[in-house]
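Labels for the chains are A, B and C, by order of writing; each one numbers its residues from 1.
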Amino acid sequence: MSITTILQHSLTGISLGGAYGLIAIGYTLVYGILRLINFAHGDIFMMAGYFMIFSLASFPWPIAIGITLLITVLMGIAIERVAYKPLRSSPRMSIMISAIGVSYLLQNLATYLFTAIPRGYPEIPLLKRIFRVGELSASLVTLLTPVLTIVLVALLMILVNKTKTGMAMRAASKDFETAKLMGININRVITVTFAIGSLLAGIGSILYFTDRMSVTPFSGTLPGLKCFVAAVFGGIGNIPGAVIGGFFIGIVETLLVALGYSTFSDAFTFILLIVMLLVKPTGLFGEKTMEKV
Amino acid sequence: MNGTVLKTEHLTMQFGGVVAVDDLNIEIPQGHITALIGPNGAGKTTAFNVITGGYMPTNGRVVFHDKVIGENHPRSKMKKIYNGSDRTAFHHQVVNTPDKITRLGMARTFQNIRLFKELSVFENVLIAKHCRIKAGMLSATFRLNHVEERTMREQTQDLLKTVGLADLAREKASSLPYGKQRRLEIARALATSPSLLLLDEPAAGMNPKETEELAQFIKDIKDSFNLTVFLIEHHMNLVMDISDKIYVLDYGKTIAMGTPKEVQNDPAVIRAYLGVEDE
Amino acid sequence: MRRSRNTVLSVISAGVFLAILYMLNLNRAGNGMLISIMQKSAIFALVAVSMNLLNGFTGLFSLGQAGFMSIGAYTTAILLIPVQSLDGVYYMNGINPGIRSLKVFLSALPPWFQSVYPFMALIVGALFAAVIASIVGVAVLRLKSDYLAIATLGLSEIIRALFSSPQLDGITNGSYGLNKIPAFPKMFGGLVPPIITPFIVSAVCITLIVLLIRSSYGRAFLAIREDEIAAEAMGISLFKHKSMSFIISSFFSALAGGLLAMYMRSIEAKTFSITLTYDILLIVVIGGIGSVTGSVLGAFLVTASKEWWLRFFDQPLEIFGWDVPLFRTGFRMVIFSILLMMVVLIYRRGLMGTNEFSWDRIFGRFKWKRKKVQGGGS
């Protein structure tokens, strides 16, 4: 395979990785505070895809993007309120089952509302403009994705490290109970967390699906799981780590498919997960916590 | 039979920069009641956890019935921070999981009660008998060991009678009042047929009358079950009443040891508990 | 006195159930749909109970059931597909010659062997899964609960990828799947007609699991669920018992997978996706985590609802000529998902909570003075 092809594929991989990174942040934020694997996050990403299809049918694309992101955020917040908040003091298994239940519900809802037949994702002409550099070519969206990802992550890190809300989020993820006792409005913190996660998932969804032909109700399952692995890889609870994990998985996956091992590209992610959990469960940049007897 | 049941040699436990247990050397003779006391955070429960196999020690050795059940030598990183004596006296690494140590005859209770909450009082104790089961999974499944099963149940019933919980056998463990829960924890530990019983603050939360009853209770079970007892406690009356020997810990270090009378009057102990007087 | 009354009642109920099955058998064609739904329920009852053993009784949140079911299903299918159909099934790439010769050899064995062979195939599949579970368990069982869930989920996906990969075409037929799988065999030379076989197999397996749960080892599992650290302090080896639970659960999940292969007659890797594990989890949750009776009842209830009653929601509904909105394909699954969420959020103990079926409790309802519930110690 020529250098050009490798570079071309790497470009695709980085773009995919950027989208994965944005979604992975949602997982890592929620796990950091609630110690919950939000199984429904991937399906929020999927629903955002459908929202976009329908808004683009009726509105010009700038407005459609705004509407899609707004609805996605509202959906994420609503899910938290309805399905996770009541179970905050329940055993861990219950809230995980609830997340699975929400995932199940969203998939069935999408199948019912939009049928299981793939729905074509509309093109935003601006984003699909092709640029050429030497022998490489890429659409605007492919080039935009990683840049946008890094910008958004930088903004998020500023939020988390320099604002009061961010401090509250960090406090809650270190010690949930004490944060509550210190007067932090934990409900608001959690709402903000889910809002940010869903917003980023929505953006990731737009970037991801623009390069793909269609959306099905099950389009979110596999990417969702992969993004969770990305979050674990980078160190669960660590935002830049999640993004790096996303890029890593995106690039390797694209290369594997290019080399002809497409069935294994999915399996690779899970093998990575198991290896990580065995060798370094705290991920590349995560922190260790000890349990006191 | 009079021998040393439990011995620790230069036992040290360090977490990062904190030396929780520093050079602990204790000897517990058969049939004695030994107490470990000290202000909060002195490292007492950590010592228990190391002895029962929860952690591998940073340095030192734990010997139970003349068998080394835990040993370690400090790695270079720890050596830099840790300044204890006899760092290089130990060369092996021996670690046993808590369940193995329990099967060797050392049972414990917990500072924060850890009963099997949703299970009945009877089941809590019956489960503790499982570690002595001779039947394998297959024969137990097909009840080929029905005699053994019946014996376990009878022994559980007897144990509950001994601790006075027999009438509550069917109740859910979490529904018991606090004092009875503590007794249940002790009964559960006894069910593992131990030779050494480690009690972590058995009198926590009890009023003076209950504490007195507990003192008598510990003495009784020690005699009827031929036990050696090692306890952590804050209730000084209980400790002074029943202990044969006391070790006093402060910030991980042993600051005093001796009979109750000796320890009571030791100035170092008084200082540790009450602080230094301003001149 | 009460013990023997209870046993007699249970035996009679089982007998009644069997009688119903035999009657249904008399008119197989007419009762086709009902029989089919009940068979599927029986198979799902088994896998639900084995999932409950692991998740509900030992407290290990594992989402790998679909993976182990697929191991059982594929192994059983490969062993059972008739030799003469092999070329038709493996039409693209041909079957692995080693397997072909093995099958040829097996098909030449005497008739008595042939009649037990399907059951041997089931057990071989289950044993294979158990071996995989014991190897994987070493790595996976020491993970914390949330990580265990996702690791087992990942494992399930890895198995699926393996089975559908082109590299294993000669064995599993890759992404083309396997078909021409024979239906259920009869038992005891015709005493048990083929359609009743899955019920007997499932019942025997569930009984074995119940016996295990009621034994001392089953109690050890409960201890691990309640408080791992305390269980370990009471002398229970965490690794040994967790592995035990994991291996046995995988064994029976795989066996159920084998039954599923016989039920469906053709399988592919897609059959054993994560959704299948979610479906089983649903049954366990609705029936009550920690209740075998709940899992069995849940299996029948959920399967019947999905296949039968709730189909009602998928057809357009007309009341007095007015087309009721919402009723079209897919609505039943939405209703279903909402019901599941209601159980998770509101009726958290599911149908049975952690209780098992008890004749005493039923009779207790009919007495003036409420009897103290006979739970706990036995």
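Note that contacts are C-beta pairs under 8 Å (C-beta built on N, C-alpha and C of every residue); 3 or more make two chains touch, one makes a residue touch a chain.
Keep in mind it's a predicted model, so treat the numbers as computed, not measured.
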Quick one: point me to the chain whose Cα centre is farthest from that of subunit B.
A
Identity of the most central chain, Cα criterion:
C
Please compute the C-alpha centroid of subunit A, do the same for subunit C, then give the distance between them in whole Å.
33
Taking each chain's centre as the mean position of its Cα atoms, how many Å separate subunit B from subunit C?
44
Between subunit A and subunit B, tell me the centre distance in angstrom, where each centre is the average of that chain's C-alpha atoms.
48
Can you list every residue of subunit C that touches 2 or more other chains, as numbers and ranges?
229
Expected list for subunit A, residues touching two or more other chains, is 293
Hunt down the residues of subunit B that sit against at least two other chains at once, touch-wise.
110
Note which residues of subunit C are touching subunit A in the complex, please.
55, 59, 61, 139-140, 143, 145-147, 149-151, 153-155, 157-158, 161-162, 164-166, 229, 274-275, 278, 281-282, 285, 289, 328-331, 333-334, 336-338, 340-341, 344-345, 348
Subunit B-touching residues of subunit C, taken from the complex the two chains share:
208, 211-212, 215-217, 219-220, 222-223, 226-227, 229-238, 244, 354, 372, 375-377
Can you name the residues of subunit A that touch subunit C in the complex?
31, 35-37, 82-83, 86-87, 90, 92-94, 96-98, 100-105, 107-109, 111-113, 115, 221, 225, 228-229, 232, 263-264, 266-267, 269-271, 273-274, 277-278, 281, 293
Quick check: in the complex, which residue numbers of subunit B touch subunit C?
52, 97-100, 102-103, 107-108, 110, 114-120, 122-123, 126-133, 135, 137, 140-143, 149, 152, 169-172, 188-189, 191-192
